[in-house]
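You will see two complexes here that share chain A, one where it goes with chain B and one where it goes with chain C.
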Partner chain A sequence: MSDVGTYLYAVALAEDPAPSEGLTGVTGGPVRAISHAGLVAYVSAVPLTEFGEEPLRRSLEDMDWLGETARAHHRVVEAVAAKAPTAPVRLVTVYRDDAQIRSLLEQRHDDFVDVLSRIAGRQEWGVKVYAAPSEAPQPEEPAAPSSPGTAYLKKRQASLHTREEAWRQAVARAEQIHDVLGSVAVASHRHRAQDPQLSGREEWMVLNGAYLVDEERGGEFGQVVEGLRGEGIEVELTGPWAPYSFTTAVETGESEARDDGP
Partner chain B sequence: MTESRPVVRQPYSPTPSPAGAGREPANLGDILERVLDRGIVIAGDIRVNLLDIELLTIKLRLIIASVDTAKEMGIDWWEHDPFLTGKNQELLEENRRLRDRLAAVEGARTPRRELAPEADRTRKRSREAEEPDE
Partner chain C sequence: MTDLEPRGAELAREGRLPSERVALVDLLDRLLAGGVVVSGDLVLSIADIDLVRISVRALVMSVRESDTIVGARRDE
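Entry: the complex of A and B
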C-alpha cells in the first residue's frame, strides 16, 4: 500500500493545463496537472503520514498548521484561477492515487462542466459592510447650551440615540448595498457574518457578501462599491477571488445564508 | 486612469507576511472562510469530515460563524459540555430547578437566594419560633 496520497486543489477547464512554473502545494512539493475527459485536476503528492485520516484529525486542530495549509491551498487555487475557469475544491480533499482523480473527473464530468461554464470569464468579489456606530458622526445641531450639565446630558442622550439609530441604518444600508451590488453581479451570495475574532474588527459585520462579476465589469463594480460608502458604515472590498462562493452547487445546493445580525 | 477606485486588498499575496497586528493583503480569516466553508465538496479517499473535528469545529465554527449563527445551525453542544463550559451543566440545572421549587414553596419571597443559606435560615427561623434565643 502506498503511503503517498494525491491532494486535489481545484478542477479547471484549461486549454493549457500546465501549472505555473514553480507552483508548489501544501507540502512544498510541485503541483501537477491531471488532464482527463476535457477537465484538468490540479494536484500534488502528499505523505499520508501527514494527510491520512488520523494525522489530519490532529493537525487540523493546530491553528498554525491549518493557517499554513490554507494559504498554500489558496495560493494554488489562485494561480490556477488566474489562467482558466476554476472550481476550487475544499481544503484537505485527498485521494489514494491519480486513478481515483481521473475517475472523479469522468463521473462528475457534467457537474464540473456545468459549474465551470457558469463562472467562466467571471470573478468573485467580496464586500463586507461594518456598522461603526461609535464613529457615527452626529448631525451638527446648532446647540445653545443653557448650562454645562444640561449640555452634557443632552449630548449623552443624543449619543445613545445616535448609536441605536446608526445600527438600524447600517443594517438597512447593508440590505440596500447587497441589492445594488447584486444588480451589477451575475450572481450573489450572502454569507454569514464573520465573528470579530475572524474579521479582526470590533464593529459588527452587517454584510458579508460575495458577488460573481463579469471580468470586464470589475472596474465598474469597484466604482459602485466606492459610491456606496457612507456615514456610520464602512465598506470593504476584497478580490478578485477565485469563485469559491459560486462553485459549491456541484454537490449541495446551498441556499443563501442570511444573517441579519443579533 | 481610475483615480476613484477603492483600495482593494489582493487576496493572493505572493509573500505572505507573518501574521501581525496590521492588515495584511491576504487576510487569513478570509482565506480560511473560503477554503473551509466554500468551494466544491468532494468526498476524497481520505475521509475527514471537517465538521467532525471537534476542536476545529469549536475554533472555526465559532470564529467563522457568529455564535448565534452556530446555534441556528445546531452547533451548540459545547454549551452542554461540562468540560468546555468549565461547569457541570446538569448540576447547575438541578440547582436552578431546586431553587425555583423552593421559591415557589416560599411564595416567591426570596427566589434569588442560594439554596443552602436559604434552607439554613428557614430552619433557623423555625427553631427561633420554638426557642426565642440560641
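Entry: the complex of A and C
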C-alpha cells in the first residue's frame, strides 16, 4: 500500500469540455481527469501524511490550512464548472487509489447523471440577509450610581422587549425574502446562519440562503435581490457559485438530509 | 472611561475580519455542508461535519482572544 491518496474535487460528464490544462490542486500537485462510465472525476494525488485521519484532525484546527485547502479545492471546482455542468464534492474526500474512483463513477453513475442534468444550465447564488439589532438599545450604559435599580431593570426589560420584537420582524421578513427568491429559483436551500465571529458582522444574520437559478434568469434574480433592500435590513448577494448547495443528493452510504429549507 | 466608549464601539465595528476571510466563510458553508458526500471505502471524508464545526469555532475563539490581546496592548 502506498502513502499517497487520491483527492476528489468534482465530477462531470465525460462528453463535456474539460477545464484548461495546468490546474493544480490542494497540495500544489497537478489535477488529473479519470474518465470512466461516461463520467469524469477530477483528482490529484495527496500525501496521507497530510491527509490521513490523524494529521487532518490537527490540520482542521488550523484556519490557515483550512483556508488554503478550501480555496485550492474551490479553484479546481470553479475551473471545471466554467466549462461544464459540475457536481462539486465535499471538502477533503480522499480515496485510496484511482481504482476506487472508477468504481464510484460506475456504482453511482445514475445518481451523478441525475444531479448533473438537474444543475445543467443553472447557477447557484447566495443571499445573506442581516438585520441591524434595532437601533442598539444602549448596551448597559454605566448607570449613574444614584439611579434606582428598578428604573434600570425597567429600561432593560423594555430594551429586551424591543429586541425580541425586532428579531421576530426580521425573521418574518427573512421568510418572506426566501419565498420571493425561491419563486425565481428552481431550487433553494437554507444554510445555517453564520457565526458572527466568522462572518465578522455584528448584525443578526436572519437568512443564509442558496438559490439554484437558470442562467438566463440570473439578471432577473439580481434585480429581485436589489428590490428587496430596505429599511432595517441589509441584503448581500454572492455568486454565481458552482452548485455546491444542490449536489448533496448524490450520497453513497446512509443519506442524511439536513437543514433543508421549506 | 467615557472617552473609551465611542472608540471601543468604533474598534468593534472595524474589527470585522478582512474581506478575504468573509468570503472564506461563504466558501466553508458550501464546502463543509454542500457538495457530493461520499463514504464507504474511501480513506477519509468530512462526513462528520460537527467535528469541523467545533474545530472552526474553537479556532475562531482563539483568533478572537489574540485580537483582544492586541487591543489591550494598544490601550496600555
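Methods note: the second predicted complex is superposed on the first by the 209 of 262 C-alpha atoms of A that agree within 3 Å, B and C clash if a C-alpha of one lies under 4 Å from a C-alpha of the other, contacts with A are read in each partner's own complex, and residues count from 1 in each chain.
Just so we're on the same page, a residue touches a chain if its C-beta (ideal position, glycine included) is under 8 Å from a C-beta of that chain, and two chains touch if they have at least 3 such contacts.
Predicted model only: the values in this text are computed from it and were never measured.
In the superposition on chain A, contact of A:237 is made with chain B only, not with chain C. After overlaying the two complexes on the shared chain, residue contacts for A:163 are found with neither chain B nor chain C.
Of the two partner chains, both chain B and chain C are touched by A:70.
Once the two complexes are laid over each other on the shared chain, residue contacts for A:118 go to neither chain B nor chain C.
When the two structures are aligned on the shared chain, A:60 is found in touch with chain B and with chain C.
Of the two partner chains placed around the shared chain by superposition, chain C is the only one that A:202 touches, whereas chain B remains out of contact. Applying the stated contact rule after C-alpha superposition, one finds that A:90 touches each of chain B and chain C. 5, 8, 11, 48, 51-53, 56-57, 60-61, 63, 66-67, 70-71, 73-74, 87-96, 100, 104, 108, 115, 126, 191-192, 194-195, 197-200, 238, 241, 244-245, 247-248, 250-252, 259 are the residues of chain A that lie in the contact sets of both chain B and chain C, per the superposition on chain A. Of all the residues in chain A, the ones that touch chain C in their complex are 5, 8, 11, 48, 51-53, 56-57, 60-63, 66-67, 70-71, 73-74, 87-96, 100, 103-104, 108, 112, 115, 126, 128, 142, 189, 191-192, 194-195, 197-202, 208, 210, 238, 241, 244-248, 250-253, 258-259. Residue ranges of chain A in contact with chain B, taken from their complex: 5, 8, 11, 48, 51-53, 56-57, 60-61, 63, 66-67, 70-71, 73-75, 77-79, 87-96, 100, 104, 108, 115, 126, 191-195, 197-200, 219, 222-223, 225-226, 229, 235-241, 244-245, 247-248, 250-252, 259, 262.
Those residues of chain C lying in contact with chain A across their complex are 1, 12-13, 15-17, 21-47, 51-52, 55-61, 63-64. Across the interface of their complex, chain A is touched by residues 2, 4-9, 11-12, 16, 19, 23, 26-42, 44-48, 50, 52-56, 59, 62-69 of chain B.
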